[in-house]
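Some structures are shown below for you to check.
Below, chain A partners chain B and then partners chain C, in two separate complexes.
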Partner chain A sequence: MSAFVIRGERLAARKVGGEMVILSADDSSLFVLNEVGTAIWEAADGRTSLDAIADGVCREFDVDLETARRDISEFVTSLAGAGVVSLSEVERQ
Partner chain B sequence: MTTSLMDRIRDRAFADSVPLAVHFDLTYRCNERCVHCYLDHDDHGEMTTAEVKGVLDQLAAAGTLFLTLSGGELLLRRDFFDLLAYARLLRFDVKIKTNAMLVRDVEAARIRDLGVRQVQVSVYSHRTEVHDAITQAPGSLQRTVNAIRFLSTRGLKVTIANVLMRQNAQDYEGVRALAAELGAEYTMDPTITPKMDGDTSIVALRMPAAQVLHLFKDRSLVGDDFCRPAAPGPVDDPEVLDALPCSAGHIACYITPYGDVYPCVQFPMTTGNVRRQPFINIWRDSPQFHEVRSIRVRDLTACPSCGYVATCTRCPGLAYMEGNMRGPSSADCEKSTLRAAAATS
Partner chain C sequence: MPTSRPVIVDVGGVAVQLLTSEPELIYVLEGRFKKFLNPSAEPVFQFEITLVPDGTFDVDADLHVGGRQGHWIMQRGDFHAEWNVAERRGCIRQTLNPYAIDSVLRIVHTLVLAADGGFLLHASSAVRGGRAYLFTGPSGAGKSTIVGLAPHDVTVLTDEISYVKRCAEGYVAFGTPFAGERSELGEPASAPVSALFQLGRGIETRRDRLDEAETVQTLMRNILFFADDHDLTDRVLDTACDFAARVPAFRLHFAPDDRVWQTIQ
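== the complex of A and B ==
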């Protein structure tokens, strides 16, 4: 897992009560991320690799690295499918 | 938008006193002179670009997600697109309220590209002579309609806001048809509020009761749940009596172009000024906000014994402008009576 993840630009987002609330400008789709999802969203700057994000999640939450990598991969893939993030093999400059 | 999720977010914001929704007027200057307008259009020293950006920083830090930018006509600010870009950089969900007179294709494209989710445009009538007489700006309907076409063509979600008063009470069906033709949503509002300075002369423009009743009987306009008969007697349901009268001051507030912070645009009670104090200090510590937040329906002077209390859309701001924020809002008392009449006729 070496891809980078980047937050979508046409989205509004704010942390409310520890959960990230995300709203699409294009179709008003609403997403609410839990604490782990919020941590992943906040790290999705296009410069932090998914491996590094998994390391961070392991440090912050009670989960082993293999599980974290698998779950994060599934999670960001589903977010990318919804247009919330995009994935890139190239680090953002 | 998923309602249950949004309800959960609102509940969380209420519990944590987060200013989730802020209405920010960037200017009171305007290129129309609407006969019912509650604002003074002279510039008394509106906030600079840097000041507005500073306030936006503070709102983002305070947890504001929903940001309504309005005026006056906000496109009269030369820095409007700079401010809009900054607001979007901070990831606000931005709604713009405008008369759209200054929106051409290039402006529509910029608004779309910056990720604005909703644009609300005021249209008073589908008839030029009626709309332009209300705005007192010749050619304004044509310019506004052209702008809506530009906005819709660019894929923006446009809502036509149709404020109804004596002059245009008969025209709502025409404006609805115009909205449908333009691919816009339609919303109407028969509320005419006193001017911010307390002048109540424009209240005389409100639609007569018979016309409001006619409006409320149109289920295609107000929906099936809007009109309800009164409860048979005083309500003793704690869920009703312990309810908050409104979200103003709890999860929402309003900021003027001069930095004054009110609970709502219709609730002009100064709680502080962001030029003199950090926004969060006003939001958390102002005695006025504390007082507004302390009020429950059971604390209102007349409403707890009213048969309409469970369904009334009482506006505490209108009550405040009538002299007592715990008192009734006579305009909403009348609306409740008319909703009940519409339900039974």
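== the complex of A and C ==
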């Protein structure tokens, strides 16, 4: 079953020039996401599965599904480790 | 008991009154902030300072700023301060060193500026021809060097911490007294910000325009902000985005000679 990814709450985020700039209110850490990362971040609403996000990334960018799933998994795991997103097996209501 | 004597420190038009009955501390404060003393200014905030002996606090404690509903608590290895924004007053317990009150004032100004659409920036800044220029970058990038190379018609606002505030005429840079042990005080002058430069060392002078995203990243990596407060974090990022949309920014690599100032305009 595909997991769901949810944006963190104590963050400020602004899209500037196609890139998402994210600032943590906890420790002022700064994260800058490229276009693909920004697309994933924008889809991280807790209701869109990682599989669905991978499908969207394949449609929008020139990448095959297997590569997209692997890269997205690594990417969201990394963001989750930094507290920028959280992962859940359950879809948010 | 000796009476408290006020020392009013005016940075960016925000006057902070420091009250203490300790003659030694008054001497330290008046020396530390000499160019920024303004006895006739109406204080916006007032802090009562009490000296405590060395060793009162955990000297290894990192800076922490927290609080809720306008009551801030700031502490580090050399001070403990509380500040009630609504009552416009606070108290500081500190050891006898100028860096404790210097840090408290930096924090107070970052919080005031964050709410008002401004920021303190790790940057030197200077005024030439009525326009201000900001020079930011990591340690060793040349922030102090570039203002040290400034021609005689340039007024240095700071070689370490720049004060930027949103005013009717746009973003305005003000001089600051915030300096390290080897730095000089800036001048208490101000001017509208004309450009931001992200510095790097080079063998020749080269200037390239930064786009808005790069400018926001540069700002956010160098803005001083201490509080773990979600609303203020949001405001600071808003301000950085607004500044990036309004003020041109450049990457400036320069060799350390005064010809670099030919490219600053």
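A few remarks follow.
The rule is simple: the second predicted complex is superposed on the first by the 92 of 93 C-alpha atoms of A that agree within 3 Å, B and C clash if a C-alpha of one lies under 4 Å from a C-alpha of the other, contacts with A are read in each partner's own complex, and residues count from 1 in each chain.
What we mean here is this: a contact is a pair of C-beta atoms (placed from the backbone, for glycine too) under 8 Å apart; a residue touches a chain by one contact, two chains touch by 3 or more.
These figures come from a predicted structure and were not determined experimentally.
For the composite obtained by overlaying on chain A, chain B and chain C cannot both be accommodated without a clash. When the two structures are aligned on the shared chain, A:Val16 is found in touch with chain B and with chain C.
By the touch criterion defined above, A:Glu89 lies against neither chain B nor chain C after alignment on the C-alpha atoms of chain A.
Contacts of A:Asp64 after superposition on the shared chain: neither chain B nor chain C is touched.
By the touch criterion defined above, A:Val32 reaches both chain B and chain C. On chain A, the patch touched by chain B and the patch touched by chain C overlap at residues 9-14, 16-17, 19, 21, 23-26, 28, 30, 32. Residues 1-2, 5-6, 8-9, 12-13, 15-16, 18, 20, 60, 63-65, 91-94, 115-117, 155, 157 of chain B touch chain A in their complex.
Taken in their complex, chain A has these residues touching chain C: 9-14, 16-19, 21, 23-28, 30, 32.
The touching residues of chain C, counted against chain A in their complex, run 211-213, 216-217, 220-221, 225-226, 228-230, 232-234, 236-238, 241, 244. Those residues of chain A that touch chain B in the complex are listed here as 9-17, 19, 21, 23-26, 28-30, 32.
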